[in-house]
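First chain A sits with chain B, and in the next complex the same chain sits with chain C.
For the complex of A and B:
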């Protein structure tokens, strides 16, 4: 396992394009040894390009790629010693499960006994132990994906394990099992993992650290908790979380801020009067209350979305839409007008789409 | 029968009539003729039982031709497959001028078989042809390409390979271009070299295309007769005679219609059985079936 550094790496698929139009704007990143990272973002945000640069399938237009300090920018995939799991399960059709798992080791000319021990260890961890003699092509899609993963894990010297949306083609029911399995395995073998997905749940439940990408840039890097509690921009607040974070335009008052003519107390000082500030609050923290108090505002119910264990209430607060995620047992307010409480410590300030000050 | 159904059969009728006229009627007629003694001196639809078939059993020229066809078809198709696949692999990836190469390799296929055979006859001509001229310049003895049994078979196979390798090339190239990229990326990541990648990725992925291509070519090759007709006329003696050409001699040149009928029926059944068995064996050997 290794530490991966990207030094000023950027890429454009079109030669001589202006830097603003590059698929990946020049950036500096470090992936620490034995940690799991998830790259999340919408289609076309540059996450697959970044992964391609790490695996050697894409040569960056600029910058150097370092594995444990050694420059690998010009090395082909084969010489980089990485493992990759693709969106579609890739197996060697003519081989058994055992031969599939042994293939990378045979390519490296390991001796038989060492291959056998390693293959059995990995197969055991993947629950494929009983099916080693089966033809790999007869397995189900999720078992095939396990084999793809296993081929990466048998090589205990890989610099990094790259996964490119590995669960996209898997059944929803099996997805959950397989995700847990991948997580267990990575905790057991502790490789440096870089996991690409556009599914935020997958990213949050899997990775120790998330990199949210947009328009070829990493807009925020942090733990799932940091991304949830303190999105660095309205974009991250919108992208991470379901339903997305609420953003409300507020006014400067004589003392602090006001929302719909009522004072809004926050745990931070009001930002400069330069621009119209916004405040963000997660739908999970918006409370429906009966008693008036500080940071309590009248609201009108617009609609209800049923999410199973929770309900999302769409309300109108001083002419702005706000969503509140409430437990099912709380029920839906019987009246059309009620009070909404925005907890003081959960409100974040945003100016020009960026987080203004940290509480 | 209600009216819509009658309409439906009306639409099918033209095709059905054509089918009956060009396949079913000739087939039934051939079966009937094969039990008659119809020949050039007595064109009659009598009934002589299995007499023609008994004659056929001891017709060494027919059986020798059939055996020769197995070798000719099997041999040429195998060579075509190897060459066609090889050429396809060469121009599959980014090669300088690959578009030009791809078209160039197809030229022999675009030529009429008879014209092609006539040109090759000139090339193999024993005193005027360039092949013997070239051998002479290299200090080698001239070869009697078209009048000696062994060389004549080699000449015939050369023409067949030359003419039909492009077809194999085309099918294999289309197959290669339709392959997914991921298995090749995975093989590179697993550290497989060129040979391993071919053996474990390219070849297994190409197995279904390979089986189809080989079977299509075997069906075509089993009809071999026009090249034989132009190049060697089956000679020397009957050394390059194929069943198709022998049938032509018996049934059309000598007008032994009844006997010709029994030969062509036997030939048809033999080919159907053989090709079906070969197709099944190939599919099993290359593990084409039973995939998910």
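For the complex of A and C:
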């Protein structure tokens, strides 16, 4: 296992393109040893390019890649000792489960007894112990994906385990099981894991740290809690969370902010650099109340979405759409107009799409 | 109407089968006839309509009035097997390169190179025979098995490349990437991860090579004289001003027998399930 550093690494698939159009804009990143990271972001945001640069399948246009301080930028994939699990199960069809798992070790010329012991240990951990002699191609898709994962785990010296949306092609029912299994395994073997996904639930439930990417940049890095509670930009607030964070355009008042002519107190005041700053609040924190009070606004119901145990109420607040996520047992307000309370500590000010700094 | 369709379908299939099998049936009955039985109208049923004899078959294995086709048969087999094997090895290597790496020389790109290979087969063979003749003469390989093997490789290589490029394009690149992550270099990734997965493609390419190599008459006819004779030449040489139909039929059936056996044996590797989803 190793600590991975990207020093000023950027990449463009098109030679001589302007930096603005690079698939990955030059960035500085560190992946600490034995931690799990999730890279999230929409398609084409540079996640897979970043993985490719780490594994050596892509040579960056600029910058150096360091594994434990050693420069590996010019080393081929083979020499980097990286394990990768791809989007769909990649197995060697002509081989048995055992041979699939043993392949990376045979490529490294381990001796037979050592290979055997290691393959059996990993197969046991993955519940593939009883199927070692089967032809790998006869297994189900999720078992094949386990083999892909297993091939990454048999080498106990890998620098990092990269997973590129490994659960995309898996049945929804099996996703849960497989995700738990991957988690158990990574806790047991403790590799440095970098997990790419566009599914925020997967990312939040799996990783100790999340990196949100957009347009070839890392826009925020932090724990799932940090990303949920304090998105650094409206983009992150919109991308993380379901439904996404509410953003309301407000005005500067004599004291603090105002929304629809009524005073609004945010967690802290936005600097007066623009006339119309925004505030963000998670739908989870918007409350339906009966008593008027501070930060309480009249609202009008527009629609209701059923999310199982919860409901998402779409309301109109001072002419702007706001979503509130409420427990199912709270019911839907019987009247068309009611009051909505926005707790002060959960209201974050944004200026030009970025979280305003504390004054 | 729904019942009518299967009836129609099987009638068409039966008619087509008769059309395809007809010449073989004709050759099979004729090969057991003699001069008398061949003349005087069509007859099909042995013993009832004509008295079967093995004259034709004896003639092609050194019987009086015929030739021994065993020698030419072995020559053909040697040339076909050697040329097919060389073409498969070189062709799959070339195809892998063309499928996985990008080449550029001016305006020439991968697809142009592939087309260049295939275009060798678009050219009329007659265009190639004079250069081949000249080159083999310079190398002293006229009328030899190695000379014929070289020429046949030149004919089969485009087919092997064409089939294998298409096949390798269907194998996801992730397999190569995976192999390299597992510790292979590009060559071992090819030999250890890609090639074992390519059996259906190799089978198709081998089949094509065998058929084209085995059936070649024109180049063997022009580039060999007295020392070497391949089976198609030997069969043609059996003809005379009064065609010995029984001998020709026996020779024709004997000539196609290896390909028929090969097709039957190879057929199971060509089933649809084996080709589609070959990798994942």
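Some points to look at:
One rule holds in what follows: the second predicted complex is superposed on the first by the 353 of 359 C-alpha atoms of A that agree within 3 Å, B and C clash if a C-alpha of one lies under 4 Å from a C-alpha of the other, contacts with A are read in each partner's own complex, and residues count from 1 in each chain.
Note that contacts are C-beta pairs under 8 Å (C-beta built on N, C-alpha and C of every residue); 3 or more make two chains touch, one makes a residue touch a chain.
Everything numeric here is computed off the predicted structure, so don't read it as measured data.
Once the two complexes are overlaid through chain A, chain B and chain C clash, as defined at the top of the document.
Using the contact criterion defined above for the overlaid structures, shared-chain residue A:151 touches chain B and also reaches chain C.
In the superposition on chain A, A:94 makes contact with both chain B and chain C. In the superposition on chain A, A:138 makes contact with chain B only, while chain C stays out of contact range. Once the two complexes are overlaid on the shared chain, A:349 sits clear of chain B and of chain C alike. With the contact threshold set out at the top, residues 55, 57, 76-78, 82-84, 86, 88, 90, 92-95, 103-104, 107-108, 148, 151 of chain A are in contact with chain B in one structure and with chain C in the other.
Residues 180, 182-183, 185-186, 188-193, 196, 200-201, 204-205, 287, 290-292 of chain B touch chain A in their complex. Of all residues in chain C, only 172, 174-175, 177-178, 180-185, 188, 192-193, 196-197, 199, 278-280 touch chain A in the complex they form.
Those residues of chain A that touch chain C in the complex are listed here as 55, 57, 76-78, 82-84, 86, 88-90, 92-95, 103-104, 107-108, 148, 151. Only residues 55, 57, 76-78, 82-84, 86-88, 90, 92-95, 103-104, 107-108, 137-138, 140, 148, 151 of chain A touch chain B when the two sit together in their complex.
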